[in-house]
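Dropping a structure here in structure tokens format, bear with me for questions.
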Amino acid sequence: MVLRVLVWNEGRHEKTEPAVADRYPEGIHGAIAAGIGATLGDRARVAVATLDDPGQGLTEETLAATDVLTWWGHQAHDEVTDDNVERVRRHVLAGMGLVMLHSGHFSKPFKALMGTSCTLRWRDGDDRELVWTVDPTHPIAAGVPSPIVIDAQEMYGEFFDIPAPDELVFVSSFTGGEVFRSGCTFRRGHGRVFYFSPGDQGYPVYHHPDVRRVIANGVAWAAPAVPRRPPEISRAETGWFLG
Amino acid sequence: MVLRVLVWNEGRHEKTEPAVADRYPEGIHGAIAAGIGATLGDRARVAVATLDDPGQGLTEETLAATDVLTWWGHQAHDEVTDDNVERVRRHVLAGMGLVMLHSGHFSKPFKALMGTSCTLRWRDGDDRELVWTVDPTHPIAAGVPSPIVIDAQEMYGEFFDIPAPDELVFVSSFTGGEVFRSGCTFRRGHGRVFYFSPGDQGYPVYHHPDVRRVIANGVAWAAPAVPRRPPEISRAETGWFLG
Amino acid sequence: MVLRVLVWNEGRHEKTEPAVADRYPEGIHGAIAAGIGATLGDRARVAVATLDDPGQGLTEETLAATDVLTWWGHQAHDEVTDDNVERVRRHVLAGMGLVMLHSGHFSKPFKALMGTSCTLRWRDGDDRELVWTVDPTHPIAAGVPSPIVIDAQEMYGEFFDIPAPDELVFVSSFTGGEVFRSGCTFRRGHGRVFYFSPGDQGYPVYHHPDVRRVIANGVAWAAPAVPRRPPEISRAETGWFLG
Amino acid sequence: MVLRVLVWNEGRHEKTEPAVADRYPEGIHGAIAAGIGATLGDRARVAVATLDDPGQGLTEETLAATDVLTWWGHQAHDEVTDDNVERVRRHVLAGMGLVMLHSGHFSKPFKALMGTSCTLRWRDGDDRELVWTVDPTHPIAAGVPSPIVIDAQEMYGEFFDIPAPDELVFVSSFTGGEVFRSGCTFRRGHGRVFYFSPGDQGYPVYHHPDVRRVIANGVAWAAPAVPRRPPEISRAETGWFLG
């Protein structure tokens, strides 16, 4: 069964900053989609959407036809409508997978699913990031070296205010000595969420082959394992089992 | 240091249903507060508040002076204002403990902290509930038998749509054969959350000595272990550690 | 890639108890192997081995050619040699999957991998067991109802002295009111372990279609996600990363 | 109730290496015991024992009178008798707390309780270690800065072959860029285990005030929360609950 992947991107840096447009000529979403396509091949059908698309690219019809959504956002988190945030959350709880990338830690859908502030330390200073695997049995870590070496990156550091992840797959260090839980999984309702921090508009990280592999692994992992629930939030129901 | 406990209760069933008022002459909050006081003694100073108090009993001043909040609500979840929900959440993330009781699983603050729908199965049918300890090292389980026997209770059953708890302390069974993760802990930000399901307006469960003991243990466990953060949600901040 | 599955069984009850031999004419291993084969089909090649085979069916050559080992034992746990126990443990740590069934909770390999006593409550009294899914996103729970109904079973109850599982997939209740964490996953080294309690020599549980499906799902889940480490336990090694 | 703490040390480096004896004139155990005593004061009564004491300092009588055991070992792991290893494990499962320090990751009792190889990467190269708090609600992290700065230390790096910890409290980085899960908790039976990696015979780490505070916090946390089980491993027992 072909996995239906939707790569969503805010898509604003590319429009206003020539350096970003040069770095990502097809948009950040284009680079992410290319990486997923190159890794998963026929196993996935990859579409893209951005904030400036009709319905912000997050219509009911679109999400109902999506198995796994990847999300990149940064400067326009607040522009995503509350209705769209609730729609994304509802579909995740119903079974849609979600791969949340980098600055998406502070997006409204991620904060709504985590329940915490999702704050962290950060610094834009050309740090070298090393991404170490701490769960070598995890399929998301398959096929990448430990550590993954990213020559230049924005620093993200602890304390990262998230619930304790269900699985901790990667931990990063930075030139400055900071550490970060950079690859985390969470189950929410019938859906699976993978957060992966490497990647920034200011660095060509989404062209890095190991980063692309991890994102593709994350998409494959987040694919629903059980049939999708109806897109409504289920309500409490009476059940008798006295037979 | 004396623990400042606030026992919050919606307080509506007691006003409209004589059977509930008979069962809980001091209100459900009164019974819960009495149990905590009897167990923790001088270690705690217990206050009560209800939905019909000024500011719904949840003013900034009140919460700033609270170490651990216990919450009971049922029919009036929707009346709690969004501002108050956000205030409770903010204080939990800043370090205030929260003990969420029974039908509070569907309260707005709990859903906001969990990120999931928090739905479950239920049936009001005089089931016997047995509450089994599955983590005997946990201080919340200290001093109670396994199982705790509750002769008559509302049934709560799986699937309980919560994130996987950080610690699973109790699992219950019911006459009908259902099971429920009835005692669960969660860390959120700098705060600790304990959910405990036994207890209902329709049964005298908050007079049960073992249930009272568990709630008091939960309050002691949820007490902040580190100094309270300022009540604002912390923001991302730049940190350099290149010394 | 075809999954190489080895279904290991102590194989003694079948030889000495006619009722067991009647219930499982191909042996308990035969029933388990048939269920895996029926579910996984071409995806798996299933072999069987028993305690009375040469080398107790656990030679280095055999385990080196096994992706996932399923284990059933009961009355002869002590006869498994310490060398074989250590060999199984070593292969699991190197990446071989392990599906531990029912009374295997008290087998030497399971105790060696858990580090705890692995004791539990039990009663042989024709209880009805209901197996409830508490993690509906887990592939091991795919395709089975919640609850699975087993009309007659041995009771296994808490406290089950295991480390907190990495994932809790199933919780069972019994006629007597007991509860049990009946489906648990654990990562150990590069290997994955799934413990599943339903199944006993005294009941025809391994013919139950839902139980067979869960065991097959468990085998598929426990398959190595990354290349197998050499079968030696790795040693501490010096690593420089000052480049 | 006064906490009975036993600080156990292999005690060999101090006898053969003058530099270690100079660094720790009262032995490594003496420095650890002094730190615990200074922090916990009247709340604890601290005794010491070493490998060369009668019965290796681990007699039944001694352990039966110990609430929390701290352990340091390195070059003589293999000299600890199997009987003593089993005795320590049995007491931990019965409820005795265990604080395992640094190279104790490779001690026999730790490996027996974890079930894994407990291997890691290491390098003795005067790295700066930064110990970051990733669980600020945890009492073990109370009263120490994040990060703790240790100017010179042996490097311990991932992959650390342990089961996923129940709670991850600290993550360290090193000058070389490596990361390590340096503060981890585990429940085993009725006992609690805290592993904390900072500390080495070659560096004066056990005189560091923050390290001393963490160890004392760990001892307080590992104290039994429920009455001690008898020192035998419990066996499966029949329980009826059909009343």
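As written, the chains take the letters A, B, C and D, and residue 1 is the first residue of each chain.
The criterion applied here is as follows: contacts are C-beta pairs under 8 Å (C-beta built on N, C-alpha and C of every residue); 3 or more make two chains touch, one makes a residue touch a chain.
Quick caveat: nothing in here was measured; it's all calculated off a predicted structure.
**Q** By CA centroid distance, what chain is farthest from chain B?
**A** C
**Q** For chain A versus chain B, which are copies of one sequence, does the interface use mostly the same residue numbers on each side, meaning over half shared, or is it different?
**A** Result for this pair: same.
**Q** Just give me the whole-number Å value for how far the CA centre of chain A lies from that of chain D.
**A** 37
**Q** Between chain B and chain D, tell me the centre distance in angstrom, where each centre is the average of that chain's C-alpha atoms.
**A** Taking the mean C-alpha position of each chain, the two centres sit 34 Å apart.
**Q** Out of chain A, which residues touch more than one other chain, so two or more?
**A** Counting only residues that touch two or more other chains, chain A contributes 130, 135-136, 147, 157, 164, 166-167, 175, 177-178, 187, 241.
**Q** Okay, in this complex, where on chain A does chain C touch?
**A** For chain A paired with chain C, touching residues are 95, 130, 135-139, 141-143, 147, 166-167, 187, 190-192, 224-226, 241.
**Q** Please output the residues of chain C touching chain D within their complex, sorted ascending.
**A** On the chain C side, the touching residues are 89, 93, 106, 112-117, 119-123, 125, 157, 161, 163-164, 166, 175-178, 186-189, 233-242.
**Q** Can you check the complex and tell me which residues of chain B touch chain C?
**A** Spelled out, the residues of chain B in touch with chain C are 128, 130, 132-136, 146-147, 157-160, 164, 167-168, 171-174, 177-179, 181.
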